[in-house]
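Look at the two complexes coming up: chain A is in both, with chain B in one and chain C in the other.
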Partner chain A sequence: MTPPKESAAPARHAWFDESPARDAALPGWWRERAAAAWGRFVELEVPTRTDQAWRFANLAHLRFEGHGPAPAVSESTAADLLARAVGERPAGHAAHFVFANNQLLHADTSGLPEGALCLSFAEALASQPDLVRSRLGEAADCLGGEKFAALLDSADPSGVVLRLPKGCVVEGPVVVQHYVGGERAAVFPRTIVVAEDSASVSLFESFESISHGDETLVLASADLHADRGGRIRYAALQDLSDKGAKLVQFQRAHAGRDASIQAGSVHLGAEWARNESINRMLASGADVRVFSANLANGEQEYDQRTLQSHQAQHTTSDLFFKNALYDTARTIFSGLIHVLPGAHHTDSYQTCRNLLGSDTAEANSMPGLEIDADQVKCSHGSTSGAISDEEIFYLRARGIPAEAARRMISLGFLHEAIEHLGSESLCDYLFARVERKFASLG
Partner chain B sequence: MNESLKIDNLHASVDGQPILKGLTLEVPKGEVHAIMGPNGSGKSTLAKVLAGHEDYGVTEGGVTLDGEDLLAMEVDERSRAGFFLAFQYPHEIPGVTNANFLRAARQARLPKGEEIDAVAFYREMYEKMDRLGMDRKFTGRSVNEGFSGGEKKRNEILQMMMLEPKYAVLDETDSGLDIDALKIVAEGVNAMRSPERAFLVITHYQRLLDYIVPDVVHVLHNGRIIHTGGKELALELEEKGYDWITKEPVAA
Partner chain C sequence: MPDAATLEAVNIDQDQGNFSYPEDYAHDAGYGLNESTIDFISDVKGEADWIREFRKRALAVFESKPMPTHWASHDLENIVFENIRYYLAKGQRPTRSWDEVPDDVKQTFERLGIPEKERNYLAGVEAQFDSEAAYSNVKEELSKEGVIFVNSTEGLREHPDLFRRWFGKVIPTGDNKFSALNSAVFSGGSFIYVPPGVKVKHPLQAYFRINAENFGQFERTLIVVDEGAEVTYMEGCTAPKFETATLHSAVVELVAMKDAKIQYITVQNWSNNVFNLVTKRGLAHENAEIRWIDCNIGSRLTMKYPGVIMKGRKARGEVISIALANDGQHQDTGAKMIHAADETTSNIVAKSISVGSGRSTYRGQVHIPKHLKGCRNNTECDALLINSCSRTDTYPAITVRGNRHATQHEASVSQVSEEQIFYMRQRGLSEGEAMSLSVNGFVNDLVREFPMEYSVELKRLIDMEMEDSVG
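Presenting the complex of A and B:
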């Protein structure tokens, strides 16, 4: 080994000391894949300042020295978490999974119709290798987070694989709750949802901390595949500890002919969270909608990179992000609409709105458009602004005190994105979580 | 006791430009007064000053509400003290539903720790909406967002009915209303007339006063009340215009 030229520069793979792969019981093909991914991870550079895909990001957050897979929780912690999960889950689920530190605590699939396949990721690796192989997104299919994606591929996954056969319709959501805790502990939740022809399903997942303040990393992916006429509604809630906790999530939508996918996210917690949302409209009639409502305060930073890739004629997409920022919080939104050659008659919209609740909050927006086809309707726009004085005046003129008026307007601002995220009861649930955070801001 | 809204020698400016120049009038409880006046006479400025809009600075004079100094109160305090302004141009509040807005306004009037009775609140709101011919879908819609001009004005009257103020100022509530909507709005106001309540109706046109018949009519011109009379004054103004009155007392 030659020593590094500059002693100040961190070793390339200093994020983790060793491969996070632990489980020798996982199938050989997966373990080989993981080993190759670890090799790529080690080779890949840590993002730098000049990296366009990391523009405006505070790279000081990218410190994962000594991190490793989270240790299994004790029996009593597991029991507490399960009680918490049941108490806090959204109502009316069709299936319910709880994971803590990569470990499956609870699986209930009794509400699913016959024919629906719903397994923990580890089980799916053993019994449905072809399904996983064909539907798990490529690590290279990301928006700058290659090194994280390689690390994720090298680890033992938790999470759920869900496949609905042709025509299968599931009413209530599949609810998956992930918890993480422990010093320098990492979890690797992965989701695959496949709605085959005309099947329809919704999945909700949440990421939360076991306790406040632990330095943790959630490295997650959600691959959503809707085949011909299929329909998927996906929503994620990130409410990790605002101290110590970090998250990187890759959300990929693959919409086939006449398929529709909706991908939503709500970020309330974590010190730093990066979301890469990659959306591919693959065949005519494909429609993808992405909604995100985020409330950042203190020193929180949310980094949002999105792609709407129109790869066939007559496809549509709509992306709508709302960020409310307080204190010295930061957000970075970078979105690209890409209409590929031949993808004529595309309708594509992209909007990012930022509400600045303080003079020191910082919202960066980089909307982008690349059109290589004709007869295309595309628009993108981003706005940033403080709460309007006239709106506050109107509420105060009805007797509502100034602070309560500000809160109502901010909640209303986020509500416009939340109301698209799922069923009425899921929207109510998410809205209540946002209200809870607002109440804690005092 | 001074059971009235009393405006005394009020001077107010916008951006350093004097608009109200010594406006004096008193609306006792139980009465309906109208203020008429040509464009630019200061009608809307008066409404905004009374509500406490920060762009409007009071340079002289005062306003009392049942003897209390209205101008010393914060905007929201004024409302809770029983003052209400029906806006000429009601603002839109995206994402905040009409029902939640009204509920928060009512909640703000309760003592700390006391919760609103949601069932009774909705029953009352629906009953009042029915009276205004407002579809129930408006409860779940964002405040004033996508409302037509007439729907916004009805919504102002709904708020007034829900908040039951002691003193209500209606700022050109008739503008943008067709005759049917005007009648409904007037009925809503008339149903609230009582010995315990007073109204100050600001309007440019006499038409509204056919339906909300005032006890007293004031003419505002160049920031001052220049003439006061009975309800017949409104008809006279409609017929003859403002010139005969504004040119009468050749500025002293």
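Presenting the complex of A and C:
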């Protein structure tokens, strides 16, 4: 007996009519890889209602008929975007990249120390094929988004490849800003960060719309590799147009011996965003911290799936997600702590908290555990609730009006998650963006 | 792997039910399931046409539904529906006296201690042997107050108005593949009605026994407790160990009218060749309370998620569950709380222990739809892993709409720590005693929720000797 087919499901690959690969100048091995990925994309089924990896998701969002690679922006738009990017980037950058519709507009790596390698993805494909090949995440390493991952692999990539050699420490963040615009335009930003032994670096990435209301798709991946004693801090800000824009991002962290990775995302925009965060603690002493702070209003839907995979003894991980919801917004959190056989002495935590700010917002939480080892300390917690009258009363008693009190509490609620990034300047930057959206809610 | 002492300790308890009597049945529907199986059952029972139709519709639903393996264990694929016997009965009518029960059936229940327990502390007992009840009795003063406690065949025949109103309403046939299977071939189980205001002081008990190999037991229980009334119902179950798989697939529906209280206690100790796939759900009206107290020790695979639909204002639902998964066992249990009215509250406390290569899973659903206010849920899941190859999983799903509710979910996984054992050994306890004390401490607060007689038995069941199994 096979499950009944969804009658309303779109045709298998109607999302894209043809392969998004365009650039004939990319190396042959990459183009072959992309062609194989396109074949997989066509074969893979569109997720259905009974698919556990898409439980609670509104599958009506998965319609991308007629989408294709975004066309290049005009020179004047490029100039405007560059000015906007410089005006809005976080302070103190070590390197700065700007991409618009998958094209590199600006690259400045002057702040990087000698030995650090920082290239656009297209350049890296030509000059560092082995690096890309060995560090680019497997398309099958997904939490339900296999079809999207195959599509991403079939396309011409934008984004950066960053490698820090042994002992190389970069102080300021590498800033990468992506812009997308145009009807049914899709972009494919990819990031690879490799911190070799004892190297340390931060990378900040943002996804924004060129103009409000375009139907666009951002399909992105970030592969973070911290080798022995390496440290990576990664933050993604998604502030796309809340109308028309959609995003799917795969974030994969691979932490080696005594390595530490902090990876986070802040979602403020987009009509629909799905984030798959796959975190692997590969060797003893590996530590991964994942956070997310999301402010959803209107009809926005944020769908976040996470995995904390403990693959060796004496590894730790901590996941901390917060969602503030207004209007008819929906959030889905599905997390899994997986302690593999033999990964004894694991410490692992997972928290998802939802603050519901309206009577029609909906929060879905599926915090999961699969424990197959011994001497493990694991726990997860999930709460959903509203600001209590007592909290408001307390602040009003101190002369703060009810509206301002609500705002303070909501902002404080999200701030607690952003703090997990552990970098003051980036936290301040992200928090200012959250405040900006909050102010626009009125 | 658990050591010999562990195995022995666990096996002693499970062996209590490991015996069977030769098969001698007047009615045997044979192997496999089709429309003629259903006609056979309906004819033997002399059922009304609407029941026969109900069964046939259910069979079609069962056949059309896929196995739920897109989320559940693939072990389900090992059930061969053609190799199962769906109805076996000796043609007996349930008697009110143990003296009239056929000898082998009586001896079965005597070995399980049922008549003795009845004398000591039960208000009523029903004992089911394969498909039909062999014994059914309720204390005289309760019958005088209008309490009805019969098996499902009799309930549908003698009290159709009372039971038909709720029959299949809490758990519709199409709820899942196994509720459809039960609806097609159900036989046995209890029908209970408690009239308004009657508070049944002592528990009513049902005992389910599988005797024959390759047999599927499909009892159907419906408990309706009228306004302001209260009842506690307990069920126990055992089966002998066979080489082949046996299927138990019950449907249990509870209806608590305004201000009523139902407490439903299960101690499941099937032998570990039994697939135990049970659908249990209660409907709580205004200010009513439904509590499921569930203990799963036996079976090969148990899938059971007792639920409460809180339909009336201020209704309360609770699931308290203990699961023990040993070698070759998978206890996939949980709870389902559907809030459908304002100010409803629910509480789930689940504790599981995995021993040897056993696997325990918690799967839960809490649903609070929009336009309600003041709903609350609390969920706590704690898992204890005894050996390094033991496994535990937790998969809750919580949906909250609106800003006038509060939910919290917490789960933890732990071991009996080496420090704890060391501490107790310093004070003169053997390693086994220390382990046993720790495990009992882990479940102690839940064991206390069971009636005294059960909690003693439970403690004994859980009181395993686990020499050398630390770490």
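Observations on the structure shown:
The rule is simple: the second predicted complex is superposed on the first by the 432 of 442 C-alpha atoms of A that agree within 3 Å, B and C clash if a C-alpha of one lies under 4 Å from a C-alpha of the other, contacts with A are read in each partner's own complex, and residues count from 1 in each chain.
Assume a contact is a pair of C-beta atoms (placed from the backbone, for glycine too) under 8 Å apart; a residue touches a chain by one contact, two chains touch by 3 or more.
Bear in mind that the values here come from a model prediction, so they are computed numbers and not experimental data.
After overlaying the two complexes on the shared chain, residue contacts for A:357 are found with chain C alone; chain B is out of touch.
In the overlay built on the shared chain, the residue A:344 is in contact with chain C alone; chain B does not reach it. Look at A:416: by the touch rule set out above, it reaches chain B but stays clear of chain C.
In the superposed model, A:390 lies in contact with chain B only, and not with chain C.
Within the superposed three-chain model, A:55 lies in touch with chain C and out of touch with chain B [touch as defined at top].
Of the two partner chains, chain B is the only one that A:408 touches; chain C does not reach it.
More residues of chain A lie in contact with C than with the other chain of the pair chain B and chain C.
When both complexes are overlaid on chain A, the residue A:382 reaches chain C alone and has no touch with chain B. Contact with chain B, but none with chain C, is seen for A:399 once the two complexes are overlaid on the shared chain.
For chain C in complex with chain A, the touching residues are 65-67, 70-71, 370-371, 383, 385, 387-415, 417, 471.
Interface residues of chain A facing chain B in the complex, by the touch rule stated above, are 388-391, 393-402, 404-405, 408-409, 411-416.
Of all the residues in chain A, the ones that touch chain C in their complex are 1-4, 50-52, 55-56, 341, 344, 354, 356-386.
On the side of chain B, the complex with chain A involves touching residues 51-54, 74-76, 78-80, 85, 87, 90-96, 100-101, 104-105, 108-109, 142-143, 159, 163.
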